[in-house]
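Labels run A, B and C following the written order; every chain starts at residue 1.
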Amino acid sequence: MTVWPEERLATVDSFNTVDMTINVGPQHPATHGVFRMVLTVDGELVVDCEPYIGYLHRGLEKLTENHDYRQSMGWWDRTDYLAGMACEFAYCMAVEKLGNIQVPERAEYIRVMMAELSRLLSHFMFFGAFGADVGSFGTSFVYAWRERERIYDFFEVVAGDRMFPTYFRPGGLQMDLPEGYEPLVRQLLGSLEQGLEDFDGLLTGNEIFVERCRNLSPMSKERAINLGMSGPMIRATGLAHDIRKAEPYSIYPNLKFNIPVGKNGDVFDRFMVRMAEAYQSIQIVKQCLDLMPGGLVLNPDLPKTLRIEEGECYVRTEGTKGEYGVYGMARGGNKPYRMKLRSPSFCNLSALKEMVVGHYVADAIIILGSLDIVLGEVDK
Amino acid sequence: MMLFADALFGLPNWIDAIIRVVLVILSMTLVVIYLTYGERKVVARFQQRLGPTETGPAGLIQGIADALKLVTKEDIRPKNADRWVFEFAPYATFIPVLMMLMALPFAEDWGVRDLALGMFYVFAILGLNIVGILMAGLGSGNKYALLGGIRAAAQMVSYEIPLVISLLCVAMITGAEKDMNGTGTLNLNAITAFQETRPYIVLQPLAFLIFFTAMLSELHRAPFDIPVAESEIVGGCFVEYSGIRWSMFQLTEYASMWGWSVFGSVVFLGGWAWPFGVDAHWSIQLGTTLVKSFLFIMLIFWVRTTVPRLRIDQLMSFCWKVLLPMSLVQMLMNGFILVYDWPQELLALTSALGAAALVAIIIRRAMRRPSRDLVGTYKTLGAPAQ
Amino acid sequence: MTSPTTDYPGVAALVHKHLGKIPFTASKHSTDAVIHIDAGHFLELVTGMHDRRELAFDYLRNVTGIDLGEEGLRCVYHFYSFKHGHAIQVDVQTPPDNPHIPTLTGIYAAADWHEREAAEMLGLVFDGHPNLKNLLLDEDVRIHPLLKAHPLQKMELEQGIEDTSAGFKF
């Protein structure tokens, strides 16, 4: 039984209600993994929210410190497990910066292509899962899964694995693309575009969907910056910030693409920004195909064991969820002294409390979904 | 109380009644088992999947296998649940649905009892459904269940009003039929027989729209599946149930879906009478009713796979601000036309105008969305060069 | 990493120009300019960096704690300015026996979880943090896994398996 606090009973002379706490997660269909939040609700209204994370903590940074540079690749795949290659990209760039390793140009193009396909993987997952959060009974989920399956099939052709390919290497790539990959990719892109249109028709065009997402938990630019948000979350507020443009890396300066920007930073804008970004990613992959140079894909001068004397770097990439940064520190030997992951989901999630309080329980689920967290990245 | 024409084989009335009840219950069980299979198959096709394929030819005995599995599962009761409330909730939801099936005319002479106040009986009995759901919500000792139960109570109580008014509109216009002399009837069999030449959906499309929407809400089907919202409160009031009690709820859900569909086809689509007439063979009449009810169910599945879920306040405002005024307008229009003995075509015309207005409102709201050219509508900026 | 000098590379020169009164040294590594400062002047420096219009470091990207063995713990902050598009790294070195750093939660809301993570992983103490409890680890666990003294494979050590060094020997 709930005990009514004396002081509250004393202050309120009319009909009195008592707040109730609801535990959402770690096993809950809307938490996208093993995330837990304790909502304090007054009827259907959320008055407090306390997120708990760490259920998927695997000690990524400790493991990286204790393994050879190349051995750790597999761990970093599993941070953002919806887009493994984008994480490999950042990790490899960090090792390359530390060891001052050159990467062949062909490898860079293939990397960008794979990273953008990973972004599509992640965004499709968002559309599907977000649709399910809003309540479209799995239809959006299955639509998303169909397109993701096509990308995974291509990954399998290229790297031999689907989710965790470990395809990148410090200094290049594990192996070159297979013969006749180009028609494969072009066909893939065509079907992805069709899939995006399907989503556009299913969700964006749906009155109930728009009605539930529009003007939900709007956020100002200044507040988003202060809260440390990044990626589509901050672009939805109207700030045209994309690390691919602001602090360009790899071959992104050679490519032409736009940065979609929202207006109010509400849930609908977050959805639309990701939708528009997916179209841009398709354009980037097309350009990569057109510009793909020949040559090697792995720096041939690399020693068998990477030993890096001394160095420091903070590599930031535009990961699928936002700024995916890797701080690396080397002090000799074949292992890094410290590798720290700045995961975008972690930073975006830390703003959850502020965004959720004052909304309905049903909206709290949608807001959590709109953050597009992936727990492998949050919990490291 | 009126009886159907003749007792079967000249048996005494009470034995006849028992046989009829058993027949209805058996056919209900069969229909429910194949509705679960059908739903999985239909929804799968909507989602470009295959659905059940393994158990039996084309997965046909999947429903029976599921039912067996559910019945043999352990029946768990949480420690802090209110024992009697928790255990009787499934029956409290199931019994009204069963009682409702007793009053439905499946063909001219096919039903358990032909009640003079059949329509009133159906929606009065179905209003009791909510008691079982509230019992499940409050008795489970679970906060998700509590939220679900309260949501269900609010939703069902408010949607009952437009539902009843839309049915009332139909009951009103039965008074304009031949030989009725201005007095309408609530007898479902009679209402069906009146529709021999044209179903009442032609005369009352607006009432039909309102009825269908409110019916979805009463059934907790998408987009009104708020009390059981899977992604928010994980099944709502059913979250603590397992095994046979959970399957009772499942049975209730599908049986009431079928019952509502038969009811809707009887009231609006002409039931067994249209288009083959009251003199058709009983098998044709039965087949007509069943086909119409399955069309209804198909429509429910279609809506379910397509639309997301409403929020509880949007749901309430849709009921009180859209459906209720619309149903009142429909009733007023009917009243005017009937009082002044204007021709029946006017009924169809005004109601169709109302339905068109309702659809237009919804379409107009839907058109406010951004155009399909996503990148164009959103400001695309080149970021400052480094 | 070059050793700290009194000449200020890159953005550090800008910081020195506007916040010259605060004593710090600077260096540069492969991606950013670095400011080295002690914990005593840290809050003053960050307040200045955040508030001065010419600097406007409005975005806290990342907080990293590092165990440098005998030198003590170091906390590495990465800042970015959306207004000017420049980035900087600030190293705060704490002595081995006194790992206290003032919290940044008053300036950057983003610092909350970052600091909680650094605190639980390395035992850094952020003075003034409103809610400095464990984030990723269990609430009642009082270990600091990212300290170099913390073994990688504790279970193996307890079971008496001797070779616990990870990875292959090359």
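Everything below uses one rule, namely that contacts are C-beta pairs under 8 Å (C-beta built on N, C-alpha and C of every residue); 3 or more make two chains touch, one makes a residue touch a chain.
Only a predicted model underlies this, so the values are computations on that prediction, with no experimental measurement involved.
In terms of inter-chain touching, the protein chains here are arranged end to end in an open line. Chains joined by the most contact pairs: A-B.
Put simply, the chain closest to the centre of the protein, by Cα centroids, is A. Inter-chain centre distance (subunit B to subunit C, centres taken as mean C-alpha positions): 61 Å. Averaged C-alpha coordinates put the centre of subunit A at 42 Å from the centre of subunit B. Measuring from the averaged C-alpha position of subunit A to that of subunit C gives a distance of 24 Å. Residues of subunit B found to touch two or more other chains are 384, 386. For subunit A, the set of residues touching two or more other chains reads 241, 246-247.
Within subunit C, residues 85 each touch two or more of the remaining chains. Across the complex, subunit A is touched by residues 43, 46-49, 143-144, 147, 151, 222-223, 225-226, 229-234, 304-314, 362, 365-366, 368-370, 372, 374-375, 378-384, 386 of subunit B. Partner subunit B is touched in their complex by these residues of subunit A: 20-22, 28-30, 44, 131-139, 142-143, 146, 197, 200, 202-212, 238, 240-242, 245-248, 258-263, 272-273, 275-276, 279-280, 360-363, 365. Contact residues of subunit C toward subunit A in the complex are 1, 29-32, 34, 58-62, 64, 66-67, 76, 78, 82, 85, 87, 89, 108-114, 121, 134-138, 145-146, 150, 152, 165-168, 170.
Every residue of subunit A that touches subunit C in the complex is listed here, in rising order: 53-54, 57, 59, 61-63, 65-68, 71, 97-98, 100, 222, 225-228, 239, 241, 246-247, 304-305, 310-316, 323, 325, 327, 329, 334-335, 337-338, 340, 342, 346-347, 349-351, 354, 379-380.
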